[in-house]
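Below is one structure, written out as structure tokens, with a few remarks after it.
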Amino acid sequence: MTLKLVIIGGGSSYTPEIIEGIIDRYDQFPVREIALVDIEKGKEKLQIIAGLATRMVQKANKPIVITSTLERRRALRGANFVTSQIRVGGLKAREKDERIPLSYGALGQETNGAGGIFKALRTIPVLLEISKDMQELCPDAWLINFTNPAGMVTEALLKYGKHKRIIGVCNIPFNMRTGVAEILQCNVEDIEIEFVGLNHFVFGRRVLVKGVDRTATVVERLKDPTNQYAPANIVSEGWSSTFLSAFMMLPNPYHSYYFKGADMLEKNLKAYWENGTRAEVVQQVEAELFKKYENKDLEEKPTELEQRGGAFYSDAACNVMTSIYNNTGDVQTVNVQNNGTISDLPDEVVIETNALIGASGPRPISIGALPLSIRGIIQLMKNVEELVIEAAIKGDRERLYQALLINPLVREEALAHDLMEDLLEAHKEDLPQFYQQA
Amino acid sequence: MTLKLVIIGGGSSYTPEIIEGIIDRYDQFPVREIALVDIEKGKEKLQIIAGLATRMVQKANKPIVITSTLERRRALRGANFVTSQIRVGGLKAREKDERIPLSYGALGQETNGAGGIFKALRTIPVLLEISKDMQELCPDAWLINFTNPAGMVTEALLKYGKHKRIIGVCNIPFNMRTGVAEILQCNVEDIEIEFVGLNHFVFGRRVLVKGVDRTATVVERLKDPTNQYAPANIVSEGWSSTFLSAFMMLPNPYHSYYFKGADMLEKNLKAYWENGTRAEVVQQVEAELFKKYENKDLEEKPTELEQRGGAFYSDAACNVMTSIYNNTGDVQTVNVQNNGTISDLPDEVVIETNALIGASGPRPISIGALPLSIRGIIQLMKNVEELVIEAAIKGDRERLYQALLINPLVREEALAHDLMEDLLEAHKEDLPQFYQQA
Amino acid sequence: MTLKLVIIGGGSSYTPEIIEGIIDRYDQFPVREIALVDIEKGKEKLQIIAGLATRMVQKANKPIVITSTLERRRALRGANFVTSQIRVGGLKAREKDERIPLSYGALGQETNGAGGIFKALRTIPVLLEISKDMQELCPDAWLINFTNPAGMVTEALLKYGKHKRIIGVCNIPFNMRTGVAEILQCNVEDIEIEFVGLNHFVFGRRVLVKGVDRTATVVERLKDPTNQYAPANIVSEGWSSTFLSAFMMLPNPYHSYYFKGADMLEKNLKAYWENGTRAEVVQQVEAELFKKYENKDLEEKPTELEQRGGAFYSDAACNVMTSIYNNTGDVQTVNVQNNGTISDLPDEVVIETNALIGASGPRPISIGALPLSIRGIIQLMKNVEELVIEAAIKGDRERLYQALLINPLVREEALAHDLMEDLLEAHKEDLPQFYQQA
Amino acid sequence: MTLKLVIIGGGSSYTPEIIEGIIDRYDQFPVREIALVDIEKGKEKLQIIAGLATRMVQKANKPIVITSTLERRRALRGANFVTSQIRVGGLKAREKDERIPLSYGALGQETNGAGGIFKALRTIPVLLEISKDMQELCPDAWLINFTNPAGMVTEALLKYGKHKRIIGVCNIPFNMRTGVAEILQCNVEDIEIEFVGLNHFVFGRRVLVKGVDRTATVVERLKDPTNQYAPANIVSEGWSSTFLSAFMMLPNPYHSYYFKGADMLEKNLKAYWENGTRAEVVQQVEAELFKKYENKDLEEKPTELEQRGGAFYSDAACNVMTSIYNNTGDVQTVNVQNNGTISDLPDEVVIETNALIGASGPRPISIGALPLSIRGIIQLMKNVEELVIEAAIKGDRERLYQALLINPLVREEALAHDLMEDLLEAHKEDLPQFYQQA
């Protein structure tokens, strides 16, 4: 068997990171072909990335063939692993996801609030098509999805698609573990964080260092705001003593949007007035990155890439693939079907949780009941996600309105309505399911 | 057996209503003694009420003896039914529950938000003492609780008390049914609303008229803002078409605090600037009521009483007692232990639901899974309630902070902290459980 | 609207009972047309019954038209209620269900053991066809099913059919209530038994007389073997003191097959050697009944009919229909979808339980967790039923073998195999789903 | 820290096996002291074992100190690990557990049927005392329980004791894995069997070889009766093709008692008539073993020991202890609290399942819903266990009778009564909880 990896959204500026990850793991995970796939609009970027990727494997002296194509179905044939990092509508769409809520004084973000909801609406149908193709063309291949909102997308595919070999990954748990290792000054390998919850709404219930519970120590040290583990894209000043002592768990950086919303809104508005939306900033960053990538002398991932919010996503993805390939059975944090792991959530939803990763796929470690302090809020967030998924699949405006209203970042009857109307209109082209029958 | 009813908080301005209810139902529910109980501070009011009550039964020519006492334990001996309508700390405390949140730009109310949480903290320990006395002195008696927040209080008693003959009642479902009868122009007896949810967070999932589903009609008519069923104390302009069509259920008036919070806040602030808090308004109204009550010529419940928010509470209570006494087995809406009725909530929590009322107590009609549109928000609200109850019983500041933060009307890390500190300090005297060991 | 009732299996010897029930309830339930439907083989019986039924309504002087037909679909058009009391394969098939297990020294009966399993296999596909016709021809009509095994049949229809207006009824709860009234010497109307469990495996958890718990008294009196409530077809000597005191619940007569199996087997074998199977006895009884029915002078249900095991089935059915028609909302014991009523069983299974019966259908009273003493055995029996239903729908031999093996009346690997092979062969004609693709 | 192991029941004939296990693992699990504890009656055996153990460690040249004592509490002080392999009432009691049921024509065995139930009744109170001592004297120590019935004992301790560091182990999963490795001719390390169920009622749901599903192959090969994995004490001729194909899972040897009961009864009766009960055979074997153990030249575990049914129990125990000590995080099969791992069973019960074993204890891999084919029978068996535990703790005859009656190996009203009376009387001395208040 020749190990073949397909990267959907291969023209992404993040791709060099995953290429580096594959090169670094070549001994345990000997990929022989990497097929980069993108759409017509991304053609130019795709070629730039393909060029850089080819130089990278040559420099590293690995027998990996890099191909690039706009024909997804051709690429999928014979694949063993597929990764997805697409952005339906591009950064222009993200800009709208952010700007329109901000214009109403509401937080919108590509995974949270109204922005995240609309990103899900655009993305889910496209990924469902991809999973359908996989079921037909490479039924044994695993899809490692890190397209955001990763939890909702993974759940939609597992609920509505036939292809079941799907794992969602996120860099946040990875970041948190790395951050905690720094805080405790110990090896990241010795640390296990018991993650409970949902993608971008996950808590670290316990920190174990070589099996010894160090949660209280980490919580105590987090009271010092210089001890943080936030990714580059979330500006956070940390958490109050009261919060940390009351919950005695590790929040994740995205919790700021929910529990420190006023602060976050202020910061986002300020940043917006100064630099435009995060999407606009990112477009700028991307343009510069691609300028670098084009440089024929560049034969490695440039360090600038690490400063983006998504850094380590590809590490998370490469680790999962390597463990499946080698049937390692080590513990990693992934997005998988709940199936009783958390007894307070329905079986068929997707959770972010620790699981053994091996050739038969992920097997989550049982969690049982959620801590009382976070049970309700996690149930609420999952409910929002389920409503969004139904809306995305069926083009159902009622479900969409319900999701917006119930979402803690919207919550107002009139606001939910206005955001729904404006964002539907703004994304009309990328939301055919809402307009087909009108 | 001589049928004896004890009214805890007998000096309340609402008591004439319950007296009237007892008189009206005398043929089916022949109470022979009504013992009015209050505390030292309420002595004067108690006497006024006792006087009025005596005149009322005389006028009605019923052989009911009215007694009044400050000795609760003496009154409880031999009781068959006990009702509770107390207000620990009085309207002065309510004023703080409202004013302090408003001063932070947050909604606080006696059953919602930080105000409701602190009312629960003050009330639960006192009612637990009452239920303990009942277990000792009148173990077969039923406690009909309409002390707010009625759901939380009932849950706390059922979870932490030994006396299990406890039913919580509220006037909201009663109001909604009456309101729907008007909207549909039909007899209230022909209407059944399938209530699902929690006290002050209940939805009408279906409206049946003689068993025929008329939900869509009622929802449609609610789009006309003149069709309302809100009690006197909640100023509401109704719900948008979008909201009503999307949920296809009947919201209750208190939902405005959650889904139309901006509006409600604005209105509450305006009212506050003009007239002070609702508590202050109510103090005024009460003073006037008691002036009337003192009038020796008054031999009936004055009509002004009906204009208060709590109207029909006593109707709800009297109906429950009459059905228990006669083993009627009719359907009423009460607060009882879930015990599987709603499968998405824990067994031991209290829900507001339709139940058969008979001599063996309430037996809820099975509901099953909550509608997807409201599942998460109901789970969240219940979680808040559970945290509050733990805080109230144990004087646990961590639980209290969690409850405040998770509550949708607070939700901000810093605000939760400030409200907690200010309100704890303000209610210090009535919250010994938080200070005993300091 | 002209109220129309269709009786599928109208040629059954039980039909006069249901005719009588309809006549007796005419004032509250004014049926204008009763269409008797049967298959070709039952043509002669159908005509005899139609004749008798016509004489009965004439004698009673009610304006009810009796029709009879072999064309089921024609009859269903315009129906408001449909009852079903069919026997696929006739008494000949029942004879095999009983004889073949007995020949292996095992209990087989038309609702229990291997016999009941095979009756389900034959019956479910036929009733599924009927419910399909109803969905098309009379979508608002209720199917009141008393075809045995009533629980499994009802569950299969609700799981695999589109027509959801289906209620299963059984005479056992009716018998038990009547029997308990006699034991307590009080009016049957004053008695409520809290039934929990499954059809033919239901327990009476509590006996309430006017709301007062009299369970202990009834259990005590059942220790006297003359106090019984078994139907005519189950010879039982009652239960031991040890059993009754340990469970403190009312067993139903069919429990004898499970907890007194040795006794029952002995009695069944003895009866078999003396008179052949119960099926053969019944054939004899039926022949005699039909001789009577033919008599043009007979204008009433003959009393002999009451001595059969199924007596009161039609009372149960008529009560349900009358309450639906009048939206009565009284409590009756029916077979309905669990949907959380018993929290230890899956949502989609059918249970036998107390429910309010009204125009919108049955609404079960919440039960919560099963008593620990019977939880496991009820879960086991339900599991057997679920396996049987899957086997019946899909013609799945693996599921059938599992069901037989897990069934407490079989339980032996080799016996399960032999019974499966022999009974499949014996009923080959009536089990096309197992042979279609062979 | 000096690693100290306490062996309760140190005078058992199995002890040399665990001593060998400790010696073999010395490099990873450097035990420095093994304290053998037994009761007065076992004094002589204890000394023989202590002598042999001392010779074994000397031969192996390991710095392990062997001590022996009758004072349990003294031994427990400072312990890191405690194992338990006691037999309350000794083999004489086991003899009664087997003989009395057989005398009624029923299967009784030390873990199944009435025999297993009574072994639990005798054992649970004693182990509860041990766990109480541990909580006081060595609160951080882990109790590795392999006293049978291991599942029920572990559940009783976790439910009713304060010491929560308790893991139950059994040799059956270990045997099955070894047996499957032989059947598939591959390394045991490469095999993982997904075990679901209860101790002695566990199924192998899937067999993975290096992550690849080989279940169907193993099931196919098990049809050849020479491919077996039964321990020495269960004579089995394997399973029929029908059974294996229908369930498509691996049964465990004890399933023969339930699904091949007639066979097993016949064999047990035959063996009984020839050699007396298994208990009597074992007494004979033990006498011979101890004769060998006394021999001063013996410095190793004699091979005869492996031919007993309990072989590998100590391997299972040593593996668990080694992984806890080293925080290994490998997957082993243990008896732990369910806590949602199997969603069809209550949270607080104990299941036998695969778990990661590390310093923080066992963390089970989530299972979700049980396969439909075995759901009910596992729920039934667990219900029996819960009833037995309640009976054992409270000396409750009602619960005991319920457990016996519901148990598939008893199931008859009269038999349950007779077995209860005879066995209670026979074990009177060891069942003080049933007689204390008489």
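Per-chain numbering from 1; labels A, B, C and D assigned in written order.
Here is the rule we use: a residue touches a chain if its C-beta (ideal position, glycine included) is under 8 Å from a C-beta of that chain, and two chains touch if they have at least 3 such contacts.
All values derive from a computational prediction rather than experimental measurement.
K.L.:
Most remote chain relative to chain C, going by C-alpha centroids?
P.N.:
A
K.L.:
Centroid from C-alpha atoms only, then distance chain B to chain D, rounded to Å. What do you get?
P.N.:
Measuring from centre to centre gives 55 Å for this pair.
K.L.:
Nearest whole angstrom, what separates the Cα centre of chain A from the Cα centre of chain D?
P.N.:
Once rounded, the distance between the two centres reads 45 Å.
K.L.:
Among the residues of chain A, which are close enough to touch at least two other chains?
P.N.:
Residues of chain A never touch two or more of the other chains.
K.L.:
Any two chains that touch count here, so list every such pair.
P.N.:
The complete list of chain pairs in contact reads A-B, A-D, B-C, C-D.
K.L.:
Contact residues on chain A for chain B in the complex?
P.N.:
These residues of chain A touch chain B: 239-240, 242-243, 245-248, 258-263, 372-373, 375-377, 379-384, 386-387, 390, 397-399, 401-402, 405-406, 408, 411-417, 420.
K.L.:
Can you tell me which positions in chain B touch chain C when the two form their complex?
P.N.:
206, 208, 210-213, 327, 329, 331, 339-343, 347, 356, 358-360, 363-369
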